[in-house]
Every structure is written in C-alpha cells, then in structure tokens.
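Everything below concerns the one structure shown next.
Chain lettering (A, B and C) follows the sequence in which the chains are written, and residue indices restart at 1 in each chain.
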Amino acid sequence: MLRWKYSRPLLGVLIILLFAAPFLGNNPLSHPGLQQTMAVAFLYGALALTYDLLFGFTGLLSFGHALFFASGMYLAVLFINHDVLVWWLAVIAAVALSTVLAIIIGSASLRTGGITFAMVTLAFAEAGHVVISRDFGGFTNGENGVALNADKVPSIFIGVFNTKYLFWISLATLVVVYFITWWITESSAGRVFAALRDNETRVAVLGLKPTRFKLLSFVIAAAMASFIGVVMLMVSGSAAPRFASADVTIALLLMVILGGAVTRWGAVIGGIVYSVASTRLQDLSQTTALHSVPKIISGPLSEPAFTLGLLFIFVVMFAPGGFSGAYYALRLRVISKK
Amino acid sequence: MNTLSVKDLHVKINESHILQGVTFEVPAHSVTALLGRNGVGKSTTLKAILGLYPSEGSIELNGQSLSGKLTYKIAQAGIAYVPEDREIFASLTVRENLLLATRNESDLQRQQMVNELFPELVSRSAQRAGTLSGGQQQMVAIARALVNKNEILLIDEPTKGLAPKLVTEVADALGRVAGETTMLLVEQNLPLVKRIAQHIIVMDQGRIVFQGSPEFLHDGEWVHTMLGVSGGHK
Amino acid sequence: MDTFMLIGITGIGLGALYFLVASGLSLIYGLMGVLNFAHGSFLTVGAFVGLWFSTQVVHVSNTWTFIAAMIVGGLASGLFALIVERVVITRLYERHIDQALVTVGISLVVGAVLAGWFGNDLRLLPTPPWFINTVSIGSAHIPVDRFLYIAVALILLIANTALLRYSRIGLVIRAGVENRQMVAALGINVRLAFSAVFFLGGFAAGIGGVLVSAYSNGVSPLIAGTYLIYGFIVVVIGGMGSVPGSFLAAMVIGVIKQYANYYSPGLGDFVVVFLLAGVLLLRPQGLLGKVKP
C-alpha cells in the first residue's frame, strides 16, 4: 500500500485541531479574516471533491457542475428572502429541487458521451448562467446578485463576531462531503463508476446499464454541490452570478487536475490551495517587485490566470497525476528502495 | 537482386513480444507468399514494414533504409499496401478512393491498366465505396494500390471472406498483376499461392521457420505440419 | 410587419455572427474530435490583430481597409491556431479529454496575456462610415452592417463546403477522418491536412472576431465570452461536425432569440435553452448530425 501508516491518525488530529483553533488563544485562526478565507477554501475543497467524483472517479467530463452549486445557492436565498419557507426547510427544498434539476439535465446530457457530453453540459450551465445574470423573471437581480436577508436566518450566521460558526459549518461540510464521497467510491456502485471510467463496454457486457450509473454519479455530485452552494450563501452573505459561470467549473477542473484526479485528498488539497492562492496571488500581483520589469512581461505575470494556465497545461501534458500522483510516485520510489 | 530485405525485426505491442527477430528477403520481380497459422505475426510484419507499428531491426527497400521513417514517407518510397480488412474509405466514392491514392495524375497508362483490370469499378465510379459488395470493395483496395508505380506490393489476405466466384476474380486480377511487379502476399488460400507465388516463407510464433520453393505446398504432410491445415494434392 | 422584418433580418445578422464562431468549432470538432475551448482566444487574437491593422497600419477607415483588417485578423488567428495544433494538440494524439483540457489552459493563458498587455477595457475598432447607415425594405429601416455579417457567413459556408467537396486537401481531410492510418499508408502526409483544418478553423474565428468587435463597437479580451457559448450551443443543435448544420442552427437561434427578446427582454436566452434541451431529447445527434455507428 502506498498510504503512509500514520496518515489517518494525523488527519484526525488535524481536523480536531482545526475545529478547536478558534478557541485556542491567539492564533491566526482565531481572527475572523482568516476564518472567512478558510471557510471559503474548505467549501471549494468540498466542491472540488464532488467534481472529482464525477470526473476523476466516473470519467465524466462535465462542464456544467457550477450550475448545481449556483442553483442550491439561488433557490435557498429566494425561498428564505421571500418567506416561502423557514430557513432550514428552504435549505432542504433548495437541495431537493437542485437534485431534480440534476436528474433532468443529467438524463438529457447523458444521451451523449465523451467530448459531446462536455459540450452539452457546458451549454446547459451557460444557459443557467445567462438566465441568472440577465435577471429573467425578475428574481435574481442580474449582475448584482441577491443578498441574504439577515433577519430571516438565525443570528449565529450573521456578523463578524460569528464568523467562527461559519468556519465550523464549512469545515463540517467538507468532512461530511469527504466521508460521503469515500463511502460512495468504496461501495459497489463506486466500483461500477471506476469501471465505467476505465472501460464502459465491459460494464455493459456485465449486464449493468452504464447510463443509469453515470446518472447516479452525476446526481449525487450535483446534490452535494447544491448543498455546498447553500453553505457558500451563508458564508459569503449573498448569491451572485459569478458562482454560476463556466469560470467556476474551469476553476474546479484546475483544482482537480492540479491536485490529482484519481485521489480524494488530492482534489480537496487542490481546492483549498487554489482558493487561498487565488486570493493571495491577486495581492502578490500588486507588489512593487514587478514594477521594474517591462510591461510585456509584468502585464501577464500580474494576472493569476497566466501562471495557473501554464501550470495547468504543464500538468495535463507532462504530469497527468497532478500533485497527489507525484506524491505517490515519490512514495513508490522510497518504498521500493527499502 | 532483392527488393525488400528485413533483418531481425522485433515488434512489441503493450507487453507482448509479437515479432521476435524476423529476417527474410523478397526477390525482385516475383511473388513471395508469407504463410502461417492465424496470429503468428504475418499482418504485424506487413504493418511494421509500413511503420504502422513501432519496430526494432532493419528494413531496407532496394538498399535504402526505411527504419524509423514515418508511414507516409515509407509509402512514398514505393511500397503499396492492401490491408487485411480492405480499409477502403466508405464515405468516399470509388473515383475519390482512387483519386486519393493517385500520386502522379499524369500517368495515364497506369490508370488505363487499372481500368482494364477492374472494368466494374469504372461503371461504379460515382458510387459510395461503403455501399459496394465485399468483392468490389476488395477490388477498390487492390486498384488503390496499383494506381501508382511502386517497388513492391504488400497484400494481406485479399480473398478472405469472399464468395468462391469472387475469389476466382480477385485471383485472376492478382495473377495478371503478378507478372509486372514485386509482391509480398499474405494468403491462406493455398491454391492461389501455388498459382502465383515463386517463393514461400512460413512464420510461426513471431519467427520465420521456413523459406523456400512453393513445391513443398504439394506435399500434404508438410503442409499439415507447417501450416496446420489439410492441403497438398486434391 | 416592418418590425417583424427588422427583427427577422437583425436576427439573421446575429445568427451569421454565431455561425462565424461555430463554423471553426464544428470543423475542428467534426474532423479531429477536438473540443476546442481555445476557440475564444482565436476569436480574440483575430480581433486584436484586426484592431492593430486598422489603427496602426492604415489610418483611414473604408470598405477596403475593413476587409483587409478582416483578412489580416483571420490570417493571424489561423496562424495562432496552427501553432497551438503543432505545439500542443499533436502531442496529445487521440487523447481527446486531455486535448480539451489543454485548450482550457491555453484560453486562460491567452486571456491573461491580452488582459495584462491591453487591460479589459473596450477599445474602439474603426469601421467604414457606411456602417451606421440603414437600408429601407418597405418601411423597415435595417442597419446595413447586418447584411455584411450575413454575406461573410454565406461566403464562408460556400467556401468551406466547396473546399471539402472538390479540393485535393478536402479529399484528404474527409478520408483522414475515416481512417487516418490508411491515408498515411497511401503515402499522404495526413498530419499536414489536419493542421490545415486548424488553420481554417482559426481563420474563420479570426474573421468572426473582427466582425463581432465591429458589432459590439470595440475590442477587448472579454468579447469572445457569450459568442463562444452560443457557438457551442449552435454546434450542438446543428449537429456535431456538420458545418451546414451549424449554419442552419445559427440562423434559427439568431432569429428566435431576437423575436423572443422583442416580445420580452431577456426571454431570448431562455428560449434558446429550451430549444437546446428539446433538440437533445428528441434528436441528440443535432439537426444535421450523423448518428455515430
């Protein structure tokens, strides 16, 4: 086994430490600023993991995953703000309706496969993005998005002082999503998913319907994404069209590919690092160090997408396992030397 | 004078070592038949010569090395190929199939020869090749190899899966071509081999096990041991 | 009736722009199986080079300089597409998912480079004076630039069909789609033909980029965004790989979108989504697409 024998106990300790951090006197995580950053990062880690279930474990290259993330977010904020449902029922309803949406879109898209599937899911997701950002029907408030009405949700979700609750909820979401994904990928359905990724014909020969299992994977990933969307609504305080754009799906792809598509922890680390880095890279690009360099070089370097894009191309072409793949290759070498 | 000379050819596909040091020569202006049971590496040998599989060893055409060259360069050097499953372009018309293959459009004499050899293709020139019968498709595949002046023809099981009447037609066509060109023929149909081949090579498990005269094909016991089929005098 | 006419023709004009984006996508996908997310960058590169030509090389703006800008933009974009194909795509031979992923990376890098150099603000693209004129059909006043888009789209459709059907390279491409190895075994450098496909796709996108910039009054690294998405939708509805299908779908979408938007602003996008879903459910191969065996 390539797993390091202390990895699981250490992970447990790390999670407990993270949960306790806001209480442990004066440390970086006792400040709301970093709590907020990390809450967002944990959610992207979880979202990347749901995408990995789809792409890395089932082999479905969907470009529409952001749609379900955004639908959970928008449905929840609309139900809550318009007093349709009490907040916790609104959360359940948002996830349930997003799941129904996923069943419909998944069934339609899975009539195609491979690269066509990517194109079709992209078209659906962009359609959703357009509907949200153009304010069709007057619900979504266009580019400005919809702020969550603070009076309609419990006060522990509101205010800088309560950021630690959001931090905990996000961390808990990540842990729960991780365990659900772990449970699914290790279950018999998960083995079918992996078999579909590797050789679809073999699955069909065994008498299992490939499309049904693909839809299952698609819907589970979408349902989890919509829940993460609801939590993101709490953390960021509003629903905005940028959460529905193809940029989110492309960011998920970057996270999963850079982290390594065939491991769960690779996707999570990819998501967390990407999320933290994209906020930090923005600050870094404003530093004065770049001023001495001519604009023809400093211009692109000040755009985070430049570095990320190049890194992404490099990984796809030369290091398909990403970060976790490289780690396992290294461990394999260490073990075989012993 | 040998046209094609293959020395110590090795082909590995994934983990399996399919050709294990194949060495043989194809003499000029004659027909050499490559024989052997199914799966011993005959088709692989042809494909490796064309560079369709990566290989190790040396392949020379008239003394010029072909090893490591790209497939289209090898074909341009003067090797024509009629693949096992015909591999005609189904969505193209018969005329387009032949036009595609033609490297020198001003060689009218050659086009005339092909037209005389396969009159049926002339009358069907506007038909999509995918809608032709198996025998007609085989004729397109052979005609496609003949439209250019080549040093050697590699032909892989041209009579496979054809009705007996069509086998005769294809065999007649090959018989007429045989007089004018060098040919390396993979074929299971022994009567056809006896009729047109001057040399035979027998392969087994990725190696050459016999090279010599087709006389041996008249010895039933020899055929049975070497090729695993009943044959000889009938 | 006049409004009906006006909206119909502007719809066809919009459809023509969608087609210019979709034709390259469809060509590259249909012939090579590459889902090209870098197509938006082809569009933007063409637009910026067209802008450079119109402002730095020529200093007047008339019909001929605009046509020249279109061609220069198209050539630049075609060349860029060729480089992308040679340097990146061919190294991922037959790995279609990785090819799609790597084009995502390229589009990120190109977007970042252009944004870093020029910023994301819209830069005015000079157009000939007659661009703002209108033509009267009955009593409907139709902006004359729409006819230019339609004409360019038609020319590209015809040129593309003729090239594939009647030229030697078209023959090689059609055969290569069916069986790449056999084309090589006939002594033909099939890779050259596929590079040509990328060049042509890029060329169409570059022309599209200049025209889209003219339509949206300027050039920026962000102009490709919605057009690329509509390009994808057009390709799916028209049938993957069918350029005539893309043309038909682009026209239908352009017209339906304009009528729906006239009826209620914002409705257009919604209707197009329903159309997409309907086509996928009833005819997953698209309007003129072939069913894969």
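Going forward, contacts are C-beta pairs under 8 Å (C-beta built on N, C-alpha and C of every residue); 3 or more make two chains touch, one makes a residue touch a chain.
All of these numbers come straight from a predicted model, not from anything done at the bench.
K.L.:
With centres defined as the mean of C-alpha atoms, identify the chain lying farthest from subunit C.
P.N.:
B
K.L.:
Measuring from CA centroids, which chain ends up nearest the centre of the complete protein set?
P.N.:
If we average C-alpha coordinates per chain, C lands closest to the whole-structure average.
K.L.:
Distance between subunit A and subunit B based on Cα centroids, please, to the nearest Å.
P.N.:
That pair's centroid distance is 56 Å.
K.L.:
Take the average of all CA coordinates in subunit B, do the same for subunit C, and state the distance between these two points in whole angstrom.
P.N.:
The computed centroid separation for subunit B versus subunit C comes out at 45 Å.
K.L.:
Can you check how far apart subunit A and subunit C are, centre to centre, with Cα atoms defining each centre and the answer in Å?
P.N.:
So the centroids are 31 Å from each other.
K.L.:
In their complex, what parts of subunit C are in touch with subunit A?
P.N.:
Result: residues 29, 33, 35, 88, 91-92, 96-98, 100-102, 104-109, 111-113, 115-117, 226, 229, 232-233, 235-236, 240, 266-267, 269-270, 272-273, 276-277, 280-281, 284 of subunit C touch subunit A.
K.L.:
Can you name the residues of subunit C that touch subunit B in the complex?
P.N.:
Within the complex, subunit C contacts subunit B at residues 171-172, 174-175, 178-179, 181-190.
K.L.:
Which of the residues in subunit A end up touching subunit C in this complex?
P.N.:
61, 108-109, 111-112, 114-116, 118-120, 122-124, 126-128, 130-131, 134-136, 246, 250, 253, 257, 295-296, 298-306, 308-310, 312-313, 316-317, 320
K.L.:
Within their complex, state which residues of subunit B touch subunit C.
P.N.:
So the residues of subunit B touching subunit C come out as 50, 52, 70-72, 75-76, 81, 83, 87, 89-92, 96, 99-101, 103, 144, 148.
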